[in-house]
Each structure stands twice: as structure tokens, then as C-alpha cells.
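A, B, C, D and E are the chain letters, set down in written order, and residue numbers restart from 1 in every chain.
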Amino acid sequence: MSLQPNPIPDPNSIPNEEVEKLKSNRMWVDSLLRIIKSKTSIIGLCIIVILLLTAIFAPLIATHSITDQNIVNRYQPPSAEHFLGTDELGRDIFSRIVFGTRISIQIGVIAVGISLIIGVTLGCVAGFFGRWIDLIIMRFIDIMMAFPSILLAIALVAVLGGSLTNAMIAVGIVGIPQFARIVRSAVLSVKETEYVEAARAIGARNGRILMQHVLPNCLAPIIVQTTLGVGTAILDAAGLSFLGLGAQAPAPEWGAMLSDGRAALQNAPWVVGFPGIAIFLVVLGFNLFGDGLRDALDPRLKK
Amino acid sequence: MEETDSSLLKVSNLHTHFFSKSSVVKAVDGVTFDIKPGETLGIVGESGSGKSITAMSILGLIPSPPGKIVNGEIIYKGEDLLQKSSKQMRQIRGKEIAMVFQDPMTSLNPVFTVEKQMIETILAHEPVSKKAAKTRALELLELVGIPDAKKRLKNYPHEFSGGMRQRVMIAMALSCNPSLLIADEPTTALDVTIQAQILELFKKMQQQLNMSIIMITHDLGVVSEVCDRVMVMYAGKPVEFTETKKLFDNGKHPYTLGLMNSIPKITPEKQKLEAIDGVPPDLRSLPKGCSFAPRCKHVMESCLAIDPALTKVDDNHLVRCLLYEESKEEKVVTP
Amino acid sequence: MSTLLEVKNLKKHFPLKSKHMFSKDKPVLKAVDGISFSVQAGETLGLVGESGCGKSTAGRSILKLLEPTEGEIYFKGEDITSFRGEKIRKLRKEMQIIFQDPYASLNPRKTIEKIITEPMKIFNIPKEERNSKLERLLDVVGLNSHHKHRYPHEFSGGQRQRIGIARSLALDPELVICDEPVSALDVSIQAQVINLMEDLQEEFNLTYVFIAHDLSVVHHISDRVAVMYLGELVEIAEVNELYSSPKHPYTQALLSAVPETNTQQEKQRIILTGDLPSPANPPKGCKFHTRCPYAEAICRTKEPKLKQVSSDGQMAACHFVKEVVEN
Amino acid sequence: MLKYIIRRLFMLIPVLIGVSILTFSLIHLIPGDPARSMLGDKASEAQLENLRVELGLNDPYIIQYGRFVGNILQGDLGESIQSKEDITIEMASKLPATVELTIFAMILAMSVGIFAGVIAAVKQYSWFDNLSMTGALFGVSLPIFWLGLMMIWLFSVTLNILPPSGRISSGIELHTITNFYLLDSILTGNWTAFKDVFQHLLMPGVALGTIPMAIIARMTRSSMLEVMNQDYIRTADAKGLKKHLIVFQHALKNAFLPVLTVIGLQFGLLLGGAVLTETIFSWPGVGRYVYLAVMGRDYPIVQSTILIIATIFVLVNLLTDLLYKYFDPRIRYD
Amino acid sequence: ACSDDANSDDSDDTTDQATEDTEGTEDDTEDTDSTDDSSGGKTLIFGRGADSIQLDPSKVTDGESIYVTNQIYDTLVRYEEENTEVKPALASEWETSDNGLVWTFQLRDDVTFHDGNPFTAEDVVFNFERWATSGEFIYYGYMFGATEDNLSGIIENVEATGDYEVQFTLTEPNAPFLQTLAMPPFGIASPEAVEEHGEDYFKNPVGTGAFVFDEWVPDDSITVTKNDDYFGEVAKVDEVIFRTIPDNGARFMELQAGSIDFMMGLNPQDIQTAEDDENLQIVRRPSMNVGYMAMNTSKEGPMSEQLVRQAINLAIDKDALVSLYEGIGKAAKNPIPPSLWGFNDDIEDYGYDTEEAKALLAESGYADGFDITLYTFANPRPYMPQPKFAAQAIQEMLKEVNINVEIVENDWDTHLTVTENGEHDMAFLGWTGDNGDPDNFLYVLLDKDNAKVGSAGNIAFYKDDEVHDLLKAAQTEMDQDKRTEYYMEAQELIHEDAPWFPIAHTTPPIAASQKVLNYLPHPTGSEPFNLIELDE
């Protein structure tokens, strides 16, 4: 029987400042790793990356000018010259779709930016300060939520006038309640946690508590909603353009292209088909990635 | 473990592992014990030591995937439960072996009345009419001491307090007169005064119904109150297995001793607590040798290399420690 | 010894949702309903009671994390009840809290370093000082200073609790309210933390209000113990006094209910019947009468006062204290 | 319970007032001249002005709003500027068309969605799970206007098996009672009409129902997975209950609650999606009605339609809320 | 945009009628072998893009309403089946005084309204009085020059000079008067019905026409049934259903599927498909319209320069542009269609010559080009089936000569408002003739009288005194040869000044099932269906 004190070094105590420093970003790295491990979110990420690259290098990828017309050659089926055929004015659909990525990204960023900034602010304020502020904000959100979103967007665009910018603004406004509610409920639950109470106990002021303790812990749902929101925004804006309330000619916006191609549905289905597929793929990309993010960031799955 | 024949349940060399892409959690890693009819067996250990998984393995309730019983035998009334089909297991569950879970707040289905939840168990196993099942449910509620049982049957779980729910759970477990009741930390979530009530109820039930009970707990106090024999678990393995009295009077394993010393005692003279250093090991990467070695006060060179076997040191007293292997009489299990 | 903290008739009522908008009677949940006690500098006052009896609420009200409904709180002789805003923030330096849940009480997005130094940052302590203090705190709570860049989820429960303790000590408080600091920990870890807290008390000359429901832990760490039942104090006494000769029937029942590892002696059990009543709708008279084995008519109508029941300061709130003692 | 319902209805009032104010002010910001829409391009300025006075378009907004609300409370939705048709009467035929379509789409979405979600959850990681969840993901990413067009292209143009537009073929006589054609054809026992109506419903119904279906399937699955991990399911297992009982009774009833909320919210999506779907499939419903009215700036129609749709949506959500409470015994009514 | 597709070609500038009477080719082949399983009678189903607005023709200007009222009402005189020559209808003969101010009509005595009342001269007086006493009747005011102060316009008096004789007294001679009376808005309604229904008359039309109004399901269908007592040729089908199917493509598919018999508003893209389909036929409506791009000549800047306008005429490849019409359009060089008398065929169009265009631009000081707006509209019109595509095509073509075009798309109503206000630099618009008179094109669209900001028909704001004098002279001249001469000269001046880029005259296609026989579309855009037969 040996009774010496425990000679086994604590495995946690191997001193290595460097390693520890590296580890400090582990939280995000962990999440990232989890995302990368999921096949579907990787597919989503790939689609998004392809989208971004396409947008950046559009002039290099496109085989034709997006406005060059060749009326004689309108409604050409896909061929080696025109990968995805030509549209009603003989323009190259492939090139137009390629350039359309820029518009989609613009829509995603601006529309979601609007929802994000306003929604997060409203949600934070409502959730954190509660009482009558909460009451007023939430009643307002309730009223907005009472309108089916597409309908509200249509009404807004009708007011603002049909243009891509206005469609983005409308889609952005329509997305506000979602963000506000998600953020509010996240804030409400974080607000009740012991670490927020601990922050109060060490004398932190409201501003500090909100910015340092509450908001950072609400980031996960915000990030997820942002990603998914981009998909929804692109879809909604395409719907508006389809109805003639969004992007205007000759902008190669996919919804508008699809709408313009409708007349030829019987003879040249590709004019409708490909822009639709483009919308679908991009939205799918954001949904896949958003789903992956949700799984990766979900605290319940963290264990 | 000589009197195998008289055992109601005999678990030997049970290994239940959880598989994920990158690692294997050896939640239960060589558990061996038996229980006799009418006996109360305690299983103690810290959180994560594999107590619940052992119980779930017996009932065949390991979620699969990711869990899998990779080795071992569970002989109940002479038959190996691991060989049973899932249909056969359903017939055993609730009827032969019943279970009471730790958290009475979440273990009852919130959307059904207590009555429905009770009679469905009876109807699932006994060929009786609904009416008879209702009568039985009423009897059982009265048996476990729920006042105004008739009215309470119509209530939903949320209308009961924690202690009352645990009584309902026990009543439900008893509904088909099981031969074995597994209670997984049945009092952990309860207040002391309520815990005392429930423990009292257990004792009463056992006397009245003469069933065997496996009482899972991390509270040595509970063990000493109700158990005949105890198995102490650490990191998925039993480290000591003996009669309750022997354990408290003459505990052998350093972990058992450490555990007992780290509990503050209500005695007039206060002593400094003797804590066990370190933390329980990560079940995904167990240290080589004895799992307890890194925290053990008596650790030896060899402890880091050799995983000791469960060794009989005395009548009905098994210990898994190299300190006692020198004086070994008989190796029971080689993991 | 001087009185560090004195609480007089502290009440905290939570408003409940009224039946309908215009109803006159606003129902309240009386989480803490008039408790009084004092704590001497350097001592540990244990606060025990069953779940929901108002222990945490009392602790938080004292710290003014919750606004007390009624009563006074004196800290170092000063009435802090009416303190607001900046004044409360100043108080934080001297009164701190350790929470029960080691998982929920640390912000998962901050490194250990940030968590522990945050209080000092708030009180504008210069950086060098912060850093040296951090090293020291990590050292005293038994953490390796290399861990400071890690996030809470990389630690075990016991280690997290140590981090929480380090944070509460960062401002050199005099009073620490410990809200069940070991309840969530495994027995073997629990002992480590209790030992640590005892050492710290000695080293920093701390005063503890130690909230727990585990009677043996309270017994181990406290100098005096107060027992709560449904928002009220039913008994308060020096620790050995209370454990050896409890005067209130509730205290007696509570003590007898603790399962003991001591197999030698069979002890006399008092099994209470029934459940804890809801604090939203407490019984009239003595709140304990519904479960009390000795209850008589008077208990149902008259509320007993906390009164001295023995020469060495033991106090209990029971109409029959004398008779109880005789039994 | 009744009291609770009344109280909840009471609480709708501020929301509805807000909705009406918002609707009213939104529509009044729309540029363009309703008087011109009505009189056409050959009207003189004086004629236009006359009409503006007649319609009260020159009054202060507050007065116009008061009149708007006052009329609506009397069940008078006003008159279309263009067709002069009484909007209340037009609603009587258009609303049932939309409601029929939405309910059809919702039933489709719910039956397929819930079923797929439950099976996917029970057989997590199986091929069915993978397939249905991939499908569901595709579903939420599909532009429904595109899906609609592609279906028309496939089923109407190429295969010629489903009608591309409308509610019923011209030649089919149907005696309408409720204006829900499917119901009417059943009530009158007119099976030719039933088949025809059903065929007409199919494509728009699928187009409209796809997204809710996908969302419901995903929601059901994750809700089921969560419930299946609950202690009480373990209890049910430990009691030796049959698998189907556990899944379809114990689990589904609990898992259904969050799904129910989603279903309520999906109605908004359906009502909004109806604008696109009805436009594509020439469905004579409210969605197309409001869209055309927006394009033609027919103020009264846009106002009252949006208000009605919003009110329906609010009521549907109230209904799901009430159902929620009804299904969940934990919630009390005080 | 999509609104364009949702609304088909509702030719709302269109009017007119071409009913039928006289010789009774009465083949009463009223077989019951119709395709429809309904009443057993023959049902003709007509598909169109939008619902009628009102069924009181005097109050509406939209083509969708006129299609239907054309079946229900008769006018005093009507057009020939395929041109705008006038022939008898309710009036069997007529004469005019030498000064052209008094017109006397002899009415038929065998006509009854659908409500059973006999038709008399008093009924004509009633209708004209109704129109002349309120501002509501837009076409009346428009055609007869009524104003706020003078609601009756040039018609001084309408008098029943006998049971079946009615006399009109005008304040000034009006060359197209008879032509105008043939327009569908002047269909005679039953006075009793008008009085009985009051405000709601538009939902309960009663006329004398070949079909009797039956049922109106808003936005869905309107049904009219055969008038067996019709004084003219009794309809060959028992019932006509006007079905509203907003989307052109969907409507065509319905036709392909056989659930409608014929339709207007065909996507040009579908013409070929229809021609290839052995069950379908394409019937082309004779052309009496023009689609054009007006250049705002009164706006400061390039558009006020004649050279620039000519350059734009040269810079656009009209043939390519017209090929977008998929064969339903013919390139236009004049403001009036070639089918109209007075068309100047000697004028040579500018042709496509970008070099020349660049030279002209350089000459006018715009060698580097300029930025400019092109206003267009969302909804397709008969004379411009795909304005959006045309606008984009022009935008691209003008880029060649450094003219940077910004397209501004509005919906139809807004487009009219903003162009009448002169907000545009260039704008698309078109015109369908109302009564077959060149005046109805040239004076309305290009005279300085009609260039008033806010209510301009002349959205080029072209103000040329010489042209004005010519058009004015032609208006009051009753001699057709002289008038022709004036119009020829005016066209030359206009060509030179180039206020427009004339685009095309279209022959709007009507797709019909092969079963539909004897269908003669009228140039004015609508016609009665009583001659149509349904085969099989």
C-alpha cells in the first residue's frame, strides 16, 4: 500500500500559454467545425460561395452581354452558343442569370439588413426594458404580423412604387416582426439567466448588460434568422418582381425574367425554367446553410 | 456470487457503449451484480457513473443508435433478456420489471389524465376490462397514499405536487405487481421532508408486495436507509459490491471511502471534509489502468497500467482495487 | 464582533396576474413575508428550508437585486433599503453573491479572464492591478492561470463554481451571499468547494449568508442557522444548539428526515404529512399548521411570533415552544 | 373557457384598430388617381373633380377614416371604383373561392406534412427521413409562382391532364349553395362537378400548399424528436406500451402543440401566397382581386380586402391559440 | 411585370359594331349536338382577359364591356361586317339637309326590346336626352364635342317627328356624324328598364340586340342567350358565355383543352402553336390601329430638335422591332393605317441607318448622345402586344447611337396620366380607330388643339400650324376627295417633322377552335356574334 500524495499531474494543467490562446476562439471554431461536419450545410455553404464568386466574377463568367439583343434569335433553345438558350429579345439567358446573382445578393443584403437592424433594435428594447415599452412595441409588431407578409409587401410596394429598391425596402419591412420576435424572446430568456443577474450583482449598468451579456448570447438565433432571412427575402422579392412590382427591365432579376418569359411558356419553357431554378438553388443554399447553422449553434445540442 | 439460482436477476459483465462518429462513450463497462427476490439493492455513484444506463440496459431501453449493449448477460428468472425480441421485452416491461424515474415533474405525460396513464399500463398487460382497470388504478392510488384518490384520478399531472407525482409514478409502476422495481433516483428531485415520505412508502411497499427493488441513488444516506446490498459505481464500472452494513462499517475501495469522507456529517464536533481531488474522468477517453487512479490517494505505479478486476475480499464483499488484489482470493470478472 | 448586516421585517411580494383586468384585489405571492435577523462580521449564517420557501428571494432582496416590498436592511449600520442607482452600484463592492447553477451563472461568450476581471473593470480598477488580481484569484480558488483564455463550457461544474467564487471575490467584498453554491455539485466535488469556501473565509475575513437545503452542509459550514418555512423564519439559533435541540416542530421534522449513513442507531423519524402549501395561497395562522403533528386550534388562527426560547439566543416561532421542548 | 374566449376577442380590438389604421393610411399613400381609373382616359378634369367630391376623396383623412370604419362596421365594404360593384357582394363569391383553396391547400399540407414529419422522426436517419426532409427543404425553397408555372407546363401543356385555370369548367353546371364548390357539389350530389372542381383545385392547391407542407413536416419532425426524448416517453416505454400507441398518442399529442401554432401562422402565408397562386391559375378569389385592385388602384377594394384578409388571419391565429389551450391541459384560463 | 399578362388586349379605344340584318340565310340548324353537356343547346364560349366593367355601353370606354354590349344593343346604323362603311340597322333609311345640319332617320317598326316593349322614335329621343344631360356619358361628350357648359355638344336637338321617324339638328356640319352613330356606345336602351333599375341599370341591360342578357358572375363570366325575336339575323348559337381568364397563356391552354371556343389576347408567341394545332385556327382582325412612340417635341432638349427625332427614326431597326410581334404587326410609316382612306403610300419610311442617324445627331450637336426617358405601360394593348419587350429593344438599339434610354414603366392608367401631363421624353402609345375616319387619328393624335398639358391626346405635343390648318379644313369639308388631299399633305408634313416613331399596325389575332365558323372580326375591335356558327 502506497500512501504518497497523488503524483498524477492534472491533465488540464500542462502549461502552454500558446495552446490556450489558440483555444480561446474555440467556441466559434467548434460551431464552425460542427457546420463543416454536416453535409447539408456544406452544400448550402458551397451554393452561397458559388453565388458570391459568380457575382464577383460575373463579367468573366458570362459569355454574352446581358443587354445585347439579337431579336432574330429570340427563344433559342439551349445550345453550345447559348448554354441556357435565349429570351424574348434574343439575349443570352445564362449570362443574364450570372449577372442576376448580383441583384440577388443586393436584395439579400439590403432587405435583411433593414429587417435585421430595425427588428433587432425593437426586439432588444422590448425584451430588455419590458413593461410599457415592450407592450407598445409588441402591439405594433402584432399589427404588422396581422398582415400576411406577401400581401403587406405588395401593399407597401404599391405605395412606394414598383422598383427594385422599393421591393427590397418592402421585403425588409415585412421581415421586421420576425426578427423582433425572435430577438425579444431570446433576450427575455437570456435576461433571466443567472449570469445576467451576476452582471447586475457586480454593478454593471444596463447598457453594459445589454451589449456585453445579453446581445452576444442572442447572436445564435439572430445569425440563423439572418441566413434564413436572406433566402426568404430573395424569394419574396422575386415574387414581387414576378408581379411586376419589383425589378424593372432590363435588369436581369430572376423573378422579372421568369415573369417576362411566361408568355412563351408553351414554346420556350426554358425561358421560365432556368431563372426559376436559379432562384430555387440560391434560396435552397441559404436554407441549407441556415439549417446547418441552427443545428450547430443550438445550445441544446451542445453537450 | 454463488447463489445464482436464487437470484431474480443476474447481470454479468454488462457493457453498454454509446457510439458517435469520433468517439465511444463507455457508459457501462463491465457491470456485474445480482439481486434476490425481496431484496433491495442500491446502486450508488456520482453523476455520469453509469447508474441509469445500467437500469435502462436491463429494461432494453437504450436508445439505439447511438447506444448498444456490446457485451454481457442479463438473466431474469433464468432467461437472458438480451436475447428477447422487442415485442417480448414490451411484455416484460411494466409487468415483470417496472421502473420509477428521477424527475416526477417530467416523467408523466402532461396531456393525459393520471387515470388514463394508469389504466393504459394495466390494459397493456392484463386481460381486464376498462372498468376493472379503473378500479385497480383507484386502489393503487389509495395504496400509495394519495388522499381523495377518486377525484385525483381525473386530474392532469400538473395539478399534482412533486411528491404526489412521484407517488403516482410508483403506483403506476406497481400496477401489474412487478417482481422487480427499478427506482432511478426517485427522491433526488424532492425536498427532504417529501423524500422521507417517499422512502417510507418504498419500505412499506416492499414489505407488502415482497418485490425486489433496485434503488439507484447518489445519496449514501438513502442507501443506508433502504438497501440490503449496495453496488458502488465509478466511471461505468462497479468498484465495490457488498452488504450495506459492511460498506459503511468496513468500506474498502478508496473511492467508497473518499465518498463517505466527503459528506459532511451532523455531529457536534466539526471536522474538515476530506474531499476527493480532481474530477471524474471523461468516459470517452478513460485513463489506462484503474479509472480512479488519477484521483486516488493510494495510487501506485501499477494502478496506472493495470485495470484491476472485481475481487472477492470477504463474504459477499467484492472490491475492484489493486490494493486488495494481492490478497485476492478469487477473480470474479476479467474485463 | 460587530453586526455587519441587519434585516428587519423584510418582505418581498411578487404580483400575480389578476383574474381579470378590473379586479380590485391584486393577488400576490408572498415569497418572503417578514423576516428579521442579523449577521455578525466574519460569521456564517446558514439559511435552510425547502424548495420555494423564499431563501433565494431573501438573498436577492438583501443584495437589492430585487426591490424589497417592505422592511429595512442595514449594512454596516447604514439603512440601504432606499438606495437606488449609483448608490447600489457602490454597494456591490462590498456585497457579493455566488449562484447555485455553475452552468447558468457564467456568460458562455466570455473567457474566464473577462468574467473575473469584469467587476474590476466596472469599478475602473487599472489594468495592471486587474491582471495581478486575476492571477491571485485564480490561484486561491485553485485554478490554473493558463485557463484564463478558456470559455466556461470547457470546465467542469466544480471548476465553474470556483470561477463564480473568484468573480465574487474580485471586488474584495465583506459579505458574500451564497445561494446554494454546492447543491448542483456531485458529492466528491461538493466537498472540494466547501473546503475552498471555508479557506477563503479565513483568508479574506468574509461574512457568509449561506443558503442551502442540505442540512448537513449547512451544519458543516454555519455558525448560526436560520430555518425558513413559506417565507417566514421559524427558528434561528447557534448551529449546534439548533441541531441538538431543535425547538420548532418543523425544524425537528426536517432534521429527522435527513437520511443518515450512520447505520448504528435507528433514529426517531417524524414523517410530515402532506405537501408544502403554495406561497401564493398560504395557510392562515401558523403557516406550518397544516403539516404540524402538534397543531391545535390556536395555530389555525393566530400567527406565532419569533421569540427567544433559550438563554443563548435561540429563537423560534411556535405557540407551543415550551411544550415542544418538554416533549 | 367562454369567458376566456370573450376576453381574447376583446383583446383583438386594439390589434384590429391598428390594422385598419395601417391599411387605411397605406392605401391612401398610393399614387395615382382613382377618379381617372374609374372614368377612363377620355374624361375631362371637371368630370374627375366631380367624382372626387362624390367619393369624398378631398375630405381630411380623419374623416375618410371614420367613414371607412363606420361603413365597415355596418357590413358595407363600399363600392369598387372601377366596376361600381358592391364589394360586399363580390366578396361573397371571391372569399369562398379563396377560403376553399386555402383550406384545401392546408388540408393537403397538414395531412402530408404531419404524416411525413412523424414518420421521419420515428425513423430518424432512415431513407424516408432523409428523403422527406430533403423534399421539405426543397419545398421551402421553391418559388411558388415558378412551381405553378412548371406544373401548368407539365400537367396542362405537355400532358394535358389538368385544367390550367379557373375553379370549374364552363360547361359544368353547379348549383351553388355555399359557394364552396367542392362542398356544393357534394351537397347536390353532382359528381361530375365534384371531379371537375377537384381537378381544378389540384394544381393551385399543391402550389399553394407546398411551402406550408414543407414547413409543417419539418416542424412536426423536430417537435416529435424533441418529444420523443422527453422523460414521459421513456416512461411510456418502460410501461411496455405498444410502439404505435407511444408514437401516435403519447408523442404526437404533445408534439402537435407547436405544430398547431405553426399551422396558424402558415395561414398567413397561404393567404398571402394566394395572391401569386390565384394570379397564375386565374383563380377567381380574393388574392387576384386585391392584386388587380392594387394595379388599378381601386382604393375601396384594396382597403377592404386587406382588412378582411388580416382579420381572417388574426381570427385564425386566435383559433389556433384557443385550440392550443384546449389541447394543452396545463394552460388555465385565468 | 405580370399585370400586363393578367390583362389581355382590352382595346379600350375601340368601339363599334357590325351587326347584321337583311337577307335571311336562315339555316336553322339548331341541332343539339353541341359539345356541352348543359342545356343541350349550342353554347359558344368566348375567353377574354378581363371582365366587363359595366354593361351600359354609353358609360364605358373599355373593350371588354363593348364585346358584351355589342350583343345586347343595336345602334341606329351599323358598320359593314368587315369595314366601316355604314348600313341600316334600327334606322332603315336616312337623309341629310343640304347644309348638313339636319338628319332625319326612318326607323324600323318591327323591333321590340328584350323586355317586350316595342321600339319607337321616342325611345331614340329618350336615349339621346339621357346622354346629353349628364357628364357621365363619356363617349357622347367626346364624339359630339360636349363640354361642362354645353352638355349636348353639337347636337342641338333630337325630336321624334313620327312614331318611327326621328330628326337630329346639329349646330355645325359634322362629316363623320353617321359613322359616329354606328359606334356601340350609342346603342339604344329600353327606357323602361333604364328607369326601373336606375343606378343598377348597368347590371341589368335591356336592348334590342341578337342576344338577351342572362347572368353576370363578376370576374368570372357573363352569359347572354339567343333573342329569337331578333329583327335581324337570329343567332346560330343558343348561348354565349364570356369567360374571364386573365392570363393570356392560361386562356390559350383552355382553348387548347377545348374548354373555350375562341379567345382574344393571344400571346404572339402562341400564334405559331395555334396554327400548328389542327383543332385550332387563327383569325386576324383587320387592322385599324397604330402603335407608336411619341417624342415630346415641346420639351426643352434633344426632343425638340427635328434632326434628333429624325435620327431616332433612323436608328431603330423597325423590322427587327416588328418581328417581336410574331407576324401580327406590319411596320408603320404613317399615323393612320393603310386600310383607311387618305393613307399616303407615297411617303417613304426613314429606314434603318445608324450611320446616317449618327450624322444627324452630330449635326444637331448631340454627337456624344444624351440621356432620355421612354415611358411605357405594363398592360398589353392590341396595337402593342408586348410594350415591355419593345421598350427594351429600342433601348438597346438607341444605345448604338449613344442615346441612353431609361425605361419608365407604369400601369395603364398612370401611363395615361403622366404622358398627358407631358412628363416623358418619349412614350409608347397607340390608337384604335373609332369610326374609320382619318380625322379620328390625325386630329386626335397630332393636332395642336389636342396638345394641352393635362389632357393631351397629342402626347408628342406636336404643335404645327400648317398641319393644324389642314386638319381643321378637312374636318368641316364634306367633300371626301378634298379631305383626302388635305390628309395626304398633312401626313407628309408630319413625316418630315417626325414627332413620332410610328411602329406598327397590327392585325390582332383571334384564336378559335376549328368548330367556330363564319366568324368575321371587325376592324373596330368587336362585333356581334349572331352570325357565328358552331360546327359539329
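Here is the rule we use: contacts are C-beta pairs under 8 Å (C-beta built on N, C-alpha and C of every residue); 3 or more make two chains touch, one makes a residue touch a chain.
Treat the numbers as computed from the prediction; the structure is a model and nothing was measured.
Participant: Which chains are in contact with both chain A and chain E?
Facilitator: D
Participant: In terms of C-beta pairs in contact, which of B-C and B-D ranks higher?
Facilitator: Greater number of contacting C-beta pairs: B-C.
Participant: Averaging only over C-alpha atoms, locate the centres of chain D and chain E and give their separation in whole Å.
Facilitator: 40
Participant: Could you tell me the distance, in whole angstrom, between the mean C-alpha positions of chain A and chain B?
Facilitator: Using C-alpha averages as centres, the distance is 49 Å.
Participant: What's the distance between the Cα centroids of chain C and chain D, rounded to whole Å?
Facilitator: Measuring from centre to centre gives 55 Å for this pair.
Participant: Just curious, how far off is chain E from chain C if you go by their C-alpha centres, in Å?
Facilitator: Inter-chain centre distance comes to 90 Å.
Participant: Do you know which chain D residues sit against two or more other chains?
Facilitator: Residues 31, 152, 157, 279, 291, 295, 297.
Participant: In chain E, which residues are in touch with two or more of the other chains?
Facilitator: 2-3, 247, 249, 253, 378
Participant: For the complex, which residues does chain E have touching chain A?
Facilitator: On the chain E side, the touching residues are 1-5, 247-249, 252-253, 267-270, 272-273, 317, 320-321, 323-324, 378, 386, 388-389, 391-393, 395-397, 399, 407, 409.
Participant: Using the touch definition from the top, list the residues of chain A that touch chain C in their complex.
Facilitator: Listed in rising order, the residues are 10, 12-13, 15-17, 20-21, 23-24, 26-27, 193-195, 197-205, 208, 212-213, 216-217, 219, 299, 302.
Participant: Using the touch definition from the top, list the residues of chain D that touch chain E in their complex.
Facilitator: Residues 31-33, 36-37, 39-47, 50, 82-85, 89-90, 93-94, 152, 156-157, 160, 163-166, 169-173, 192, 279-282, 284, 288-289, 291-292, 295-297.
Participant: Quick one: which bits of chain E touch chain D in the complex? Just the residue numbers, please.
Facilitator: 2-3, 6, 12, 35-38, 43, 45, 51, 53-54, 60-62, 135, 138-139, 141-142, 147-148, 202, 217-221, 241, 243-247, 249-251, 253-254, 256-257, 259-260, 378, 411, 413-414, 416-417, 420, 454-455
Participant: Would you mind writing out the residues of chain B in touch with chain D in their complex?
Facilitator: Contact set of chain B toward chain D: 59, 61, 65, 89-95, 98-99, 101, 103, 106-112, 120-121, 124-125, 156, 158, 169, 172.
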